[in-house]
Structures are given as structure tokens and as C-alpha cells.
Amino acid sequence: MIVVDLISWFLIIFGSSFCVIAAIGVLRLPDYFSRIHAVGILDSVGAGALILGLMLQAGLTLVTIKLLMILVIIAITGPTATYALARAALDSGLKAELDEEDGSSSS
Amino acid sequence: MLAATAVALLCVRGLFVASMLTGIYSLLSTALFVLLDAVDVAFTEAAVGAGITTVLFLAMLSKIPSRSERSQAFNFQPLPFLVVLLTGGILVYATQDMPEFGDPKAPANLHVAPKYIIESEKETGLPNMVTAVLASYRGYDTLGEVTVIFTAGVGVLLLLGRKRRRVLGESVEE
Amino acid sequence: MKNNFIVREVANLFIPIIVLFGFYVQFHGDFGPGGGFQAGVIVAVGIILYALVHGLQKTRQLILEVYIRFLMAFGLLLFAATGLASLILGGEFLNYSVLGSDQLTGQHIGIILIELGVGITVAAVMVAIFFAFVGRDAK
Amino acid sequence: MSWFSHYNYWIVIFLMMIGLYIVICRDNLARKVIGLNVFQTSVFVLFISIGAVRGATAPILAAGFTEYANPLPHVLILTAIVVGVATTSLALALIVRINEAYETIDEDQIQAMDSDGKPWNI
Amino acid sequence: MMFAVATMAILLVIGLMLVRAFVGPTFVDRILAINGVGTATVLLIALLGFLTSRPEFLDIALLYALINFVGMLAVLKFFRFGDLSAGDE
């Protein structure tokens, strides 16, 4: 049991540290299209590792099933939302409605 | 953090951005309600604040022309600020008589709440006290609330449901 | 979303999940968090997602507005009828203890009926409001 | 009883002041609705924080817990949120109609139009 | 104990994202940051459920994960078409 605890704690710390890294990335990266990558980290590694850690912590109950559902939902909606965002930005960027700093350095 | 969002809501310029920030605002209040053990309330706030309110605001914004938002910066008006500050000061003074935060002996927690907590399981057989109180003990209240919602829906349908007709160049309704 | 394949498919995947989750909240509300208000809002959000992705025209053909208006009143009337039934069966208005054979079953039946009424009304009103807003021809 | 033990009320009052200020100062009617929402949320927080009990848990019966938060404010706020969204939608519907009638949603311009003696064409 | 550390980290994430949402130079920046805040709040609610040792309340996080997506799609549709009633054809 102590091994499972250790793994879950490691996963929780790992996931939350990746979340912090993603947030710093969103804050610091220079333009929009690179910020999308930072949010990708938050959606995939951060949320994934954190929820896996919580699943190990919860044991095999209904809680685990719900956590699994949350994980699946985040894993599907996150990339979809990011894709739609990038698409919207690209479309409006092509119409030159965006700021100059976007699109100039990324494309 | 909630307060910071509210300040930003005050200062932000475009209506579109403001309506998105209301989404964040309700989201943070959801987290706050979870922290304060109000699970059902957090549930409602999550469903309503993120989904319905944002969508309705956007639908409203798509019906009004964007030029009607004068691109005014945040202009500081001293007299209303003074009034608001005065009100806040009086209220802060008044809180000195209020019970402490989380005090189990507060008057609000002594009157009928222990009865609900102890007896709702026995009398209704439901583990969720909020549902028990909502549907059984305070059924009249809930009936009234549902009536209010129904009335609001009818009102919106009356206001917006008809197709607009134009008579002699003027927009004439009903 | 116009000609946006991925978003449309993912939304098609999620609409039944959202509505199913709404029904789960509706009927599980006695034991966990949730109840009629939340369930109604969630079901309405599912329908709104359909309208967002497939357009209002298609949604209106799918869900006729006559039904929505009927359901708006039906939920409220179900609520009131539950109260009246307990009144007729010898209790007070909205005292469900007389609905079942003993007090607990009576309360349970009454609470389920009332939550159902609340849920139907809230969902119908939210969908009706959304249709009224979006269907209004823009200026 | 320390000086800091009322901080929940201070947060509520701060939010309420912001909401009130938005309602008073902003001319845009949609802004006013947002301000009303902020005000509303402050009232929600006030009720919930009154009902919170230190060391208690959420009011759903479970094994091993004896202290529960006060369920009554939760019920009141639960209904208040849904009623709040219904009234908000009503206010937004009114804004749409005002915009159709006056071509603006700015309060000053609407009042200027009314005082001009121009007939209402609603 | 670990839950507390992780909760603090998620709160920090939400704070940083909010800064980006407030200063974001373009609309899409703000929408991106708001999406991030939504995901972080799902995690925060799940963690809070564990922190108060009542992990049954994951329903809220589940609901939020679903609703956040709908709100995001609505915002994006408004951003691209300026109208929510646009059809599919």
C-alpha cells in the first residue's frame, strides 16, 4: 500500500508542478499561437497526472469511475477547444483583424 | 481572487469581454461555495453561471449593434463613489454585531437547522438534507420559485417571441 | 460551427452524455448533490449545445415550440397537482406523508414528483428563453 | 473574538460595493445587469457564509460525520440562483426590446430622446 | 497534506491565468486563458473534495468539465459569426 501511496503522491506533485509550468507559459510566452501550446500542457500532462494520482488515492470505488470520466472528458474537450480556438484565431488573423504581434512570428 | 475579478469587471471596456469575465466570476464563486460546504449551491452555480448566463449574454449581444457600446474608458465619478464608500463603511461598522465566521453558536444555526439536520433523515428518508428541506419542509417556497421561473419564461416569450412586423416604416409590435 | 468537422463530431459525442448526466442528477438528487433545478439546467444546456452546433433551424424542427410551452406549464401543474393530491387524500397541502402506504414512502413519492415538476419547468423555460433570444431576427 | 474574524463579511461588502458602483455609474444598460449579478453573488456569499460552521461538512448524511453545515441557507440560495438567472434573462429581453425601440442601450441617450418629446414607438 | 500542496499549486495556476485573461491583448488570448481557468477549476474542485475527505462531490467537477466546453463553443461561435443562430449548411 505504501508503494501505491508514494506513486500517487508523486503523480499529484508531478501534475500540479506541470500545471504551474503551463500557467507560467501562458503568462510569459510572447504570442498567441505559442500560448496555445502551454495550455496543451495543462490539459494533457497536468490534468492527466493529477487525476491519475487522485485515482490511485481513492481506490477502486465509484469515485475512481467518476475521476476516469472527468479525465476522459478533459482529454476530449481540451484539444477540441484548443483546436477551435486556434482555428478561430487563424481565420480572424487571415482577415487581419488580429493584433500585429500575432501571426507575424508564428507563421 | 473573486474580488480581483470583480474589479476587473468594473474596469474592463468591451461588453464581450465583460460577459466572458462573468463566466470566470461565477466559476470562482463555485469554488468558494465548495469551500464553504455548500455543495448543492455550487452545483447550481456551475450549471447556471457557466452555461446559461454566458450563452444568454452572448445571444443578447448578438442582437444589439456593437456601436451602441460607446468606447468610453473607465471614467471616475466621485459622488457615486462617495455614496458607495459610505454605504460600505456603515456596513463594516454593522458587522461588529454579527456572529463570527463559522461560529456554531450563531443565531442562524440554532433555530430550525438542528431539527432539519437531525430529523430530516427520519422523516423523509433522504440522506441529502438540502433536497429534503427544499422539497418537503419548504415546499411552498419552492412552488413559489417555480412559479416565478415560469412567469419569467412567459415574460421573455411575450417580449421576444413575436416576429417583428413593420407597418408604414415604423416598427410596430403586437 | 460551419464546416468544422472536429467540433461537430465531438459535440455530437457530448450531447447525449450531457443529457444523460442531467437525468442522473435529476433522479440521484435525493442521495448526492443535485435535484430538479440543476437537472433542468443541464438538460437545457444539452439542447443548447445541439442548437449551437447544428443551427437553430434544425433544432426547432426537432423540438417543436408547442411542446416546450406545454412542458413549461406541465411541470408547474405537476407540482401543484402533487400538493392538491395530498390535500385530497386527507393531509395538508404539500404534505406528502399521505401519498404512500407509510410516511417514508409517501415522502419519497412526493419529493420525486416535485423534483420532476421542477426539472421539467426549468428545462422548458431555459430552452424557451434561449430560442426566443436567438430566434429574434437581428437588427 | 479577534478583529479579523469577520473577514467574510468584508469580502461580501467589498463585492457589494463594486456591484452597487457599477449599477450607479455605468450608463450602459447591459453593464447594469452585470453589476446586478455581482451584487446578487455577494448576497449569495453572505448567506452561505452565515450558514457555514467551522469543522462541519456538507449537509449530506454520511457515515462518520456528525457536524453538518446549516442546510437552510443552501436551500434559499439554490432557489435564488435559478430565479436570478430567470430575472436576468427577463432583463436582457427588455434590453433587446429597448434597443429595438430606441436604437441604443445607453441610459443618457434614452432619457435625452424621451425629453425631446419624440413619441414612443413601442 | 499532499492535497493541500496541490491545491495551492492549482490556486497559483488560476491566479496566473487570470492575469493573462485580464491583460490579454486580443480576444482569443482571453478566451484561451478562460479555458485554462476552467480546466484548473475542475481540478481544484476535485482536489477540494479530497481535501475535505468527501470525495463524493466529484459530480460538480464532472458537470463543470462538461459545461465549460459548451460555454467555450458559444463564445467561439459568437466570436466567429457574431450570431448564435448560424446554421450548418
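Observations, loosely collected:
For clarity, chains are labelled A, B, C, D and E in written order, and residue numbers in each chain start from 1.
Methods note: contacts are C-beta pairs under 8 Å (C-beta built on N, C-alpha and C of every residue); 3 or more make two chains touch, one makes a residue touch a chain.
The structure presented is a predicted model; accordingly, all values stated were derived computationally and were not measured.
Of all chains in the assembly, those touching chain D and also chain E are B, C.
Contact analysis places B-D first among chain pairs (by count of C-beta pairs in contact).
Look at the CA centroids: the one farthest from the centroid of chain E belongs to C.
The distance from the centre of chain C to the centre of chain D, with each centre set as the mean of the Cα atoms, comes to 24 Å.
Centre-to-centre separation between chain B and chain C, using Cα means, comes to 20 Å.
Annotation: 32 Å between the Cα-based centres of chain A and chain D.
Residue numbers of chain D whose C-beta contacts span two or more other chains: 57-58, 60, 62, 78-79, 81-82, 86, 89, 92-93, 96, 99-100.
Residues of chain A in contact with two or more other chains: 73, 77, 80, 84. Listed for chain E are residues 31, 52, 56-57, 59-60, 62-63, 66-70, 73-74, 76, 80, 83-84, each touching two or more other chains. Residues of chain D touching chain B in their complex: 1, 5-11, 13-22, 24-25, 27-28, 30-31, 34, 37-38, 41, 44-45, 48-62, 67-79, 81-90, 92-97, 99-101, 103-106, 121-122.
Put simply, chain B touches chain D in their complex at residues 2-3, 6-7, 9-10, 15, 18-19, 22, 25-26, 29, 32-33, 36-41, 44-45, 48, 52-53, 56-57, 59-61, 63-65, 68-70, 77, 80-81, 83-85, 87-88, 91-92, 95-96, 98-104, 106, 108-109, 112-113, 116-117, 120-121, 127-130, 133-134, 138, 141-142, 145, 148-149, 152-153, 155-156, 159-160, 164, 170-173. On chain C, the positions that touch chain D within their shared complex are 31-33, 35, 37, 41, 122, 125, 129, 132-133, 136, 139.
Listing the residues of chain B that touch chain E in their complex gives 1, 4-5, 8, 12, 16-17, 20-21, 23-24, 27-28, 30-31, 34-35, 37, 39, 42-43, 46-47, 50-51, 54-55, 58-59, 61-62. Contact residues of chain C toward chain E in the complex are 1-2, 7-8, 11, 14, 17-18, 21, 25, 32-34, 38, 42, 45, 48-49, 51-58, 134-135, 138.
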